[in-house]
Each structure stands twice: as structure tokens, then as C-alpha cells.
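Heads up, there are several structures right after this.
Both complexes below contain subunit A, partnered by subunit B and then by subunit C.
Then we have the complex of A and B:
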């Protein structure tokens, strides 16, 4: 039974990824603008354009191009970037860790802030503190991530000038890293000086991405918590001599977490989508800012590679959320 | 000498000030089982919750005193009261389906109070839990302790909750309609078990029910409650043979008799209800 479930899951993943690949492939070819013409210097002849177009295979029909591209992808060949003239897979893998670390930090902030506000609001439910938290959440929720980014840049970068507002790490530093996961590697190598420098660059874009999600987590979790806090088993826990905080942490949180977990899964894909603009805003070298360049340059192979990578991330997030769901809810483990 | 004493307990709805308990007083001697009967909404559970300090947030204690042994509970600061109650009292809840945390294994839910409040080690607490599960006649306690609530039947869960209530040898147990949610066939077993455990542990007990038949089996004294007001407080024999208040009489006639199941039942007459309500409300000044 389990095997069947895994197989059907894998099949649905394959179908999803294929669908995304197909739609993106076709759509970016229907948008006007010749990528080859854009990369050539102004004096290029029609002949030059035709020769290069054939070289990249853009003279063939779209279905033909798709089959060729898909064949390559299945063998791990994602083609060559037109604007950067490098292997797409290498480019994407080089930028992906930066984005994953940024999104990971943002998720960490969002959960930390969201859960803390939800718990605090639940303990003080019905009091002024809860109203204050509701107002703050409303404000955070209705302000998009890039506006938070601008606000943070203005406050800490321009007015107070406490932090640099651009890049992933200070350029003058000597980096000993062998992978692109700078933050993780700095921790693994115990180079906390580098960790500090990385965090000084990352915290603002991460916080900008995190705030809207943190408000969503706070509101949904608070509603669930308040409901669970009226149930019989939390009442029984109180009769055991638990304080409100103990009741929340030992009895309520796990059961209240399920709706929030589902929401966080869905919203995390939004957060990762948000990296595209926020990375550009902070000149952070990740996949998102590369995506913008790729679109501006009509770099079709690169766009395809990036979009497919995002799709794989989204599918992976869904898978992880489902797994966590089963872990948190023992009733799902059987049957 | 009474062990649990409630004096003039006044509980009101926050905001509107509507009265839910109107000067309730009762005394329970150590080791006694005291029944609380009355129709739905009379305030039986409210009394239990007030004692255990788990009243809903929408209501508040507006007056009165609750004393447990030498301790005036109402005079304690909130945190100390919770802690004191956690060590000395326990609740057997009404609905075994909702009173266990669905995400936690049974074992932990029995030993919580031992490990978290009394500071026992895990091994000692587990051994005690096995002992208790034996006592409530659950076979294979080790397996049950590793189970999740949804893997057990309603009767099994209620046994687990009874075991958990007795775990820390509380001085007072409040049983709030502990058999109402169960199958009729299981009800009697559970009732017998609670009575036997109460006797074996010599625990003082407040037994909430709307069923006079149940009261007759387990209680020594009874308070009859109507609209948050105690209309009669009597020992069980007096109440069943010569009830003093018209409402108690009417309630008795409305209860099926075990010795004569076909005896005709008369619902409580409206005139009695009205008169009793007037009496209860005369308390509000």
C-alpha cells in the first residue's frame, strides 16, 4: 500500500514538472523579441542572425525544440545560456544555494516571529495585547515584501547607515568556501566572523521576505491555538497544575500546528517567488536576480532552467509538508 | 469536619453579570462521595470547574470561598493555586473521546502529573502507570501505554482517564458525568470501578450527574441544584425516601427506577420549575 502511494506520488510529481516545463517553454517563445538579435552587436547582418539562430536551434518548430530540450534535460543537459555563454545547469546550481539560504533564513524568521506572536497573543487572549498583535499582523500582512525591503533599506542603510545594503557578503573578505552555501559552510568551518558578515547582509532581505508570512502564521496559529485551548484535553491539562504556557507548549501547540503547517507550505512558495524582486532590491547574488537578468536578455535556455528549478523546489516543499503532516498527526500514519 | 467546603460561591458571566451560581454552599467530609444532581445547565460542571480553577474565560467568581483541607483556595495567588490544585485534586471528565490529547501516547498522558508536577523520574512513573492500568483492569498495559487515543475504545479511554486521575493519589477527585458518554453496557462497569477505586484509595469525591440512579449507587450525600442554586442538600437515604423540596420530589418521580423499570415516569411539572426558579432568583439582590 505504501509502495503504491509513493509510486502515485512520484508519478504526479513527474506530471507536474513536465506540465510546468511545457507551459514555460511555449509561453516564452510566444513573447515577441528575438533573443539572438538582442545579444548581437548593432551592426550584425541578417545572415549572422540566421546562422546563430540555427546554432541555438531556434529555427526549428516549437514542438521540435521542446523534444530536443527535454531529451537533453533528461540526460542532465539543460543547454547553454545565450547571454552568459555558459552551461545553464552550472549557472543555476551556482546561484541556487544563495537563494536557498536566503529563503531558509526568511522562513526561520517568519516561523520564529509568527509562532512567538501567536503564543503571546493566545496567553493574553481577550486583552489589549492581543488587539495590538492583531493590528500589527494586519499591517504586516497588507504590506508586500519588497516594500518592507525598501523600508528596511531606508531605515538601516540610508538613515542610520548601520548595515550595508547590497550583496551577499563584503567583497573585500577572503572566502575559503568550496561550496556556494556560504552561510552553512561558515558555520561548519566555525568561521563565525564570516557568519556574522553574511548575516549582516542577509537579515534585511530575509526579514522583508519573512514579515508577510510571519503575520499569516501568527494569525492562523493563534486562531487554532485559541480553539484548542477550549478543548477538553487542555482543560484536563490545566487541572494537572500546568500553567497556560505549559498547556500551550505541551498539549496545544502540536495539534494546533496542522493548519499552520499547510498554510506555511503554500506561502513558502510565495516567499521563494518573492526572492526574485527582493534579491534584486538588495543586489543579492541568488537565483532570483539571475532570473530577472535572464528575462531582460530573453535568455530562453536560462529562463527554462531557472523556472524548472523553482518548480522542483516547490514540489519538494509540498512533499516535505506532507511528510511533516504525517509525523504530527498520528492518525494519518495508519491506513 | 468537612474536607471540601464551599461557601456562598457566586459565579457570573463577565460583562452581562448574569448569575450562573447563586451562593452555592456545600461541605464534603474526607473520604465521602458527594453527589451533585440537577438538570442540564443547572451549573453542576460550573461548580467543579470553579473548584479546579478551570472556569471558562467568559465567567468569573464574584464571591464566596472554597477551602480544601486547611487551604483557602480562593485566597491563593493564581499560580500557586494552580500548582496546589494540580498536586491535590484531579478530574475525571465526561467525554473520554475528547479528553485525551490525540497527538500524544497514552503513557505520557497518565504520567504527566507525576513527572511534570511532582518531579518523579520516568521509570518510576511508568511503573506506577502500569500498576494503575492493572487496577482499572486494562490487559496488556505496556501496549496500551504506547498507543494513541484513537486506537482505544471509549470504555478503554475512560479507564485510562480514571487511572490518570488516581495516579498522584489526589485528596479530591471531581468526576463530571464520567459515564454519560459511554455505552449503557460499559456504564455500569465504569461506575463500579470508580466506586471501588474511590473506596480503595479513600479519596474524597464530588460526583456530578443528572442521573439520580447513579447517585443512589455511589454517593453518601447529595446536593440538588437548580439554576445555580442548591435547593436541597441531604444524605442519600433521606433524599431518596423523603425528599424535602418539591423540586427534588419531582426529579425523583422523573427518574426511572431500577427496582421497577415500568413504573410510570412523570416529567417535572412546570409549576414546580417556576416556583423553584423564583426561589433561586430570590437570591439575587
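Then we have the complex of A and C:
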């Protein structure tokens, strides 16, 4: 039974990814204008254009192009970028770590802020503090990451002038890194000066991405916590002499976490989707800012590669959340 | 109990404020011409980067200052409200009609129709929304119509998912069986009996969607993919204001506040309606 479930799950993932690949392939081929003609200098002859068009395979029919492209993808070949003239897979893999680190830091912030607010609100339930937290959650929830980014730039970059507002790392620094995971590698090599510089660049875009999600986590977790706090076993813990805080941390939190986990998974895909515009806003060199450039330059192979990468991440997140949910929820484990 | 009372006392004020702001917003959109003190497109290089009225160096008639081309910020914001309102209404209703229709069909008829629609929704949700919007506008070309089409094409899934779930819940109710026994056809039961009961949830999602549409339009004009940069849009003003942030903060700050208040109002109103009508939250 379990095997069958896993198989059907894998099949549905394959169908979804195929659908994404197909939709994006067809959509971007509807872009008017010949992308090859745009990349050549003005003096190019029709002959040159035709030769290069053939080189990139754009002279074939759309179904033919799709089959060729799909065959390449299955072998790990995503084609060549038109505007940057480099291997698409290499370009994507070069930028992906930056986006993953940014999203990871944002998730960390969101969970930290969200859980703290939920616990604080539960301890002070029914008091003015809880009302204050509810109002704050309402505000953060309805403000999109784009606006948070602008507000942070305005406050810290312009009014207070505390932090530089663009890039991934200060350009004058000498980076000894071999991977693109700058943040992780700076920690692993114990170059804390570099870590500090990276974080100074990352915290604003990460916070802008994190705030809407933190509000959602705070709201849902607070509701579950308050519900759990009325159940018999927390009452029992209290009669055993546990303080309110001990009851929350030792007993309630673990049992109240499930709905929050499910929600965080769904919302995490929104957070990662949000990196596209937030990276642009902070000139952060990740996959998202490359995506916008690729669209503006009509770089079809690169757009395809990036969108497919995002889709793989989304599908992977959903899968991981489902697995975690099964592991953490004893009711589903034997179901 | 005390808490329930507190929530009940708190909600109306938030809602009044939201409705009040949205009234101002739609009034600006409808009466943009007579309400604007200046022509939103008129450039005057003698009046470039004038500060707002309370600062020294301000000119009478330019209440919130001017941008780097000497255009009146307040007038551009008022005309920007018109574009935002058009996008909110047309894109919101467009996405609503497509998503609701598919959601009703999937939720009521189930079976292979539901399978196909749900699979399409899955594929759609696997695209990063902002990137998808930028891509679509690049394909159809910039302009107000493209922005609206892009939002409809992307956001119908929001309606589809909620309406499908609600339709499935409603279909299990007794009144649906009664209607069938009374001799109603399936289509008639769906549209005459089920649909009116799903409608409150649809209205709540529609209100939320209008807020989202306003933001998406702002994001697209921010990356210069909405309508031409001469036309006054909030996103365009924000994008322009970001470049002159150190010389003229007012070009950035006022449109940002307006955008924030508008989105907040739509969201507050939508959340309130959803709390009232959503069976999951009820």
C-alpha cells in the first residue's frame, strides 16, 4: 500500500513538472520578435541570422523543439543562454545558492518571529498584549514583501543610513569561496568577518520576505496553542506543578505544531516566489534577478531553465512537508 | 468569553476605516479629473522636485510636491488610483468568473473533470506568480490590457481552489439531495441551489484578490512592464521615486503609503468577510 502511494505520488510529480515544462515552452515561444536577430549586431545579414537560428534550433517546429529540449533536459542539458552565451544549467546552479540562502534565512526569521509572537500571545492571552500582537499580525499579513522591502530600504538605507542597500556582498571584499553558498561557506571556514558582511546585505531582503509568513505562523500557531492549553493533559501538567512556560515548551508546543507545519510548507513556496521581486529591489544576485533580466532580454533557453528550477523547488517543498507531516503525526503513520 | 467580546468590539473600527479608505480610493478613481489640482502629465522643469506643502520652498497648488520632471505628485497619485481601480475590478472579476466556473464544475461533478482541473491548478501553482506575470506581459506586450490578462491568467486558481472545496462541502448537504429528488437537473441544482450558498466565500476571495491585483500592477509597473512610464501608476512612481530617493523622498513615500493603505483595506475587508463566511474558519 505504502509503495503504491509513493509511486502514485512520484507519478503526479512527474506529470506536474511535465505540465510546467510544456506550458512555459509554449508560452515563451509566443513572444513576438526574433530573439536571435536581437542578439546580433545591426550589420548582420539575413544569412547570419538564419545560421544562428539553426544553431539554436529555432528553425524547427515547436513540437520538434520541445522534444529536442526535453531530451536534453533528461540528460542534464538545459541548452545555451542566448544573452550570456553560457550553459543554462551552469548559470542556474551559479545563482541558485544565493536564492536558497536568502530563502533559508527568511524562513529562519519567519519561524523565529512567528513562534515567539505565538508563545508570547499565548502566555498573555486575553490581555492587551495579545490584542497588540493580533493587530501587528493583521498589518504584517496584509503587507506584501514588495512593500516591506521598500519600507526597509527607506528606513534603514535612507533615513538612518545604517546599511548599504544593494548587492549580495561588498564588492571590495576578496572571497576565498569555492562554492556559491557564500553564507554557509563563510561559516564553515570560520571567516566571521565575511559572514557579517553577507548578513548585513541579506537581512533586509530576508526580513521583507519573512514578515508576511511570520504573521501567518504566529496566527495559526497561537490558535492551536490556545486550543491545546485547554486540553486535559496540559491541565494535568499544571497540577503537577509545571509553570505556564514549562507547559507551553514541554507539552503544548509539540502538539500544536502540526497545522503550522502544513501551512508553512504551502507558504514557503510563496516566499520563494517572492524572491524574484525582492532580489530585484535589493539588487541581490540570485536566481530571481537573473529571471527578470532573462525575460527582458528574451533569453528563451534561460527563462525555461529558471522557471523549471523554481517548479522543481516548489514540488520538492510540498513533498518534504508531506513526509514531515507523516513522520510527526502518529495518526497518519499507520494509516 | 471575554476574548470573544473583545474581538467583536474591535472588528468594526478596522472595517469602518477600511471601507472609508476604499470609498476615498474609488472616489479618486471616478473623479480623478476634477479632484486633481494639476494636470498629471504636465512637465515643468522650473518646478522640478518641489517639496510638499509644509516644507520651505514649496509652491502653492503642488500639495505633495513634484517629481524630477516637475509633475505634481498628488495629481499623479489620484490618476494612479484610477488605473489601480480598473485593474482591481476588471482583473478581479475576470479571475473570479473563470476560477469560480471551473471550481463549481470540479467540486460538483467530481470524477475525471475534477482530476483534470485539479491537475491544471497544480501545474499553475508550481510557477512563481511574479515571474509568471512578468513572462506573460513580456509575451503579450506591455499595456493595461496585458496586465489585466496576466493577473486573470495567473490568479484564477485562487478562486478555483476555494470554490471547489466549498462546492464539495455544500454538495454533501441535504438540500442538494432534496433539490435532486424534487426533479431539478444537475446543472440547475448547481447554479440555482449550490452556487448561491458558495457566493459569500467567493465575494470574500474577490475582495482579497482586488488587493493582490493592485500589488501585482504596482510590481509590474515597478519593473517597467505595465503601461507606459508617462502614465501615472503607483508602481511607476515608486520605481521613479526609488532613483531619486536621496533628493526627493516624497516621490517615493506618498505612493507607497497609498498603495499600503489600499492593499491593507482590501485585505482587512476580505479577511473579515472570510471569517464571517468561510466554513473552515467558522
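In this text, the second predicted complex is superposed on the first by the 323 of 335 C-alpha atoms of A that agree within 3 Å, B and C clash if a C-alpha of one lies under 4 Å from a C-alpha of the other, contacts with A are read in each partner's own complex, and residues count from 1 in each chain.
Heads up, the rule we're going with is that a residue touches a chain if its C-beta (ideal position, glycine included) is under 8 Å from a C-beta of that chain, and two chains touch if they have at least 3 such contacts.
Predicted model, so just to flag it, every value in this text is computed and none were measured.
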| item | value |
| --- | --- |
| In the superposition, subunit B vs subunit C on subunit A residues touched | C |
| Touching partner for A:310 - first (subunit B), second (subunit C), both, neither | second |
| Which of subunit B and subunit C A:245 touches, first, second, both or neither | neither |
| First, second, both or neither for A:131, with subunit B first and subunit C second | second |
| Partner chain(s) touched by A:232 [first = subunit B, second = subunit C, both, neither] | first |
| Touching partner for A:19 - first (subunit B), second (subunit C), both, neither | second |
| Contacts of A:51 with subunit B and subunit C, given as first, second, both or neither | neither |
| Which of subunit B and subunit C A:154 touches, first, second, both or neither | second |
| Subunit B and subunit C footprints on subunit A, overlapping residues | 125-126 |
| Sites on subunit A touched by subunit B in the complex | 125-126, 230-233, 235-243, 246, 250-251, 254-255, 328-331 |
| Complex contact set, residues of subunit B against subunit A | 52-54, 56-57, 79, 82-87, 89-91, 93-95, 98-104, 112-113, 116-117, 148, 150, 161 |
| Residues of subunit C defined as touching subunit A within the complex | 2-3, 6, 10, 14, 119-120, 122-123, 125-132, 134-136, 138-139, 141, 211, 215, 218-219, 222-223, 238, 242, 245-246, 249, 252-253, 256, 259-260, 263-264, 266-268, 271 |
| Complex contact set, residues of subunit A against subunit C | 12, 15-17, 19-20, 23-24, 27-28, 30-32, 125-126, 130-131, 138-139, 141-144, 146-147, 150-151, 153-154, 157-158, 269-270, 272-274, 276-277, 280, 288, 291-292, 295-296, 298, 303, 306-307, 310-311, 314-315 |
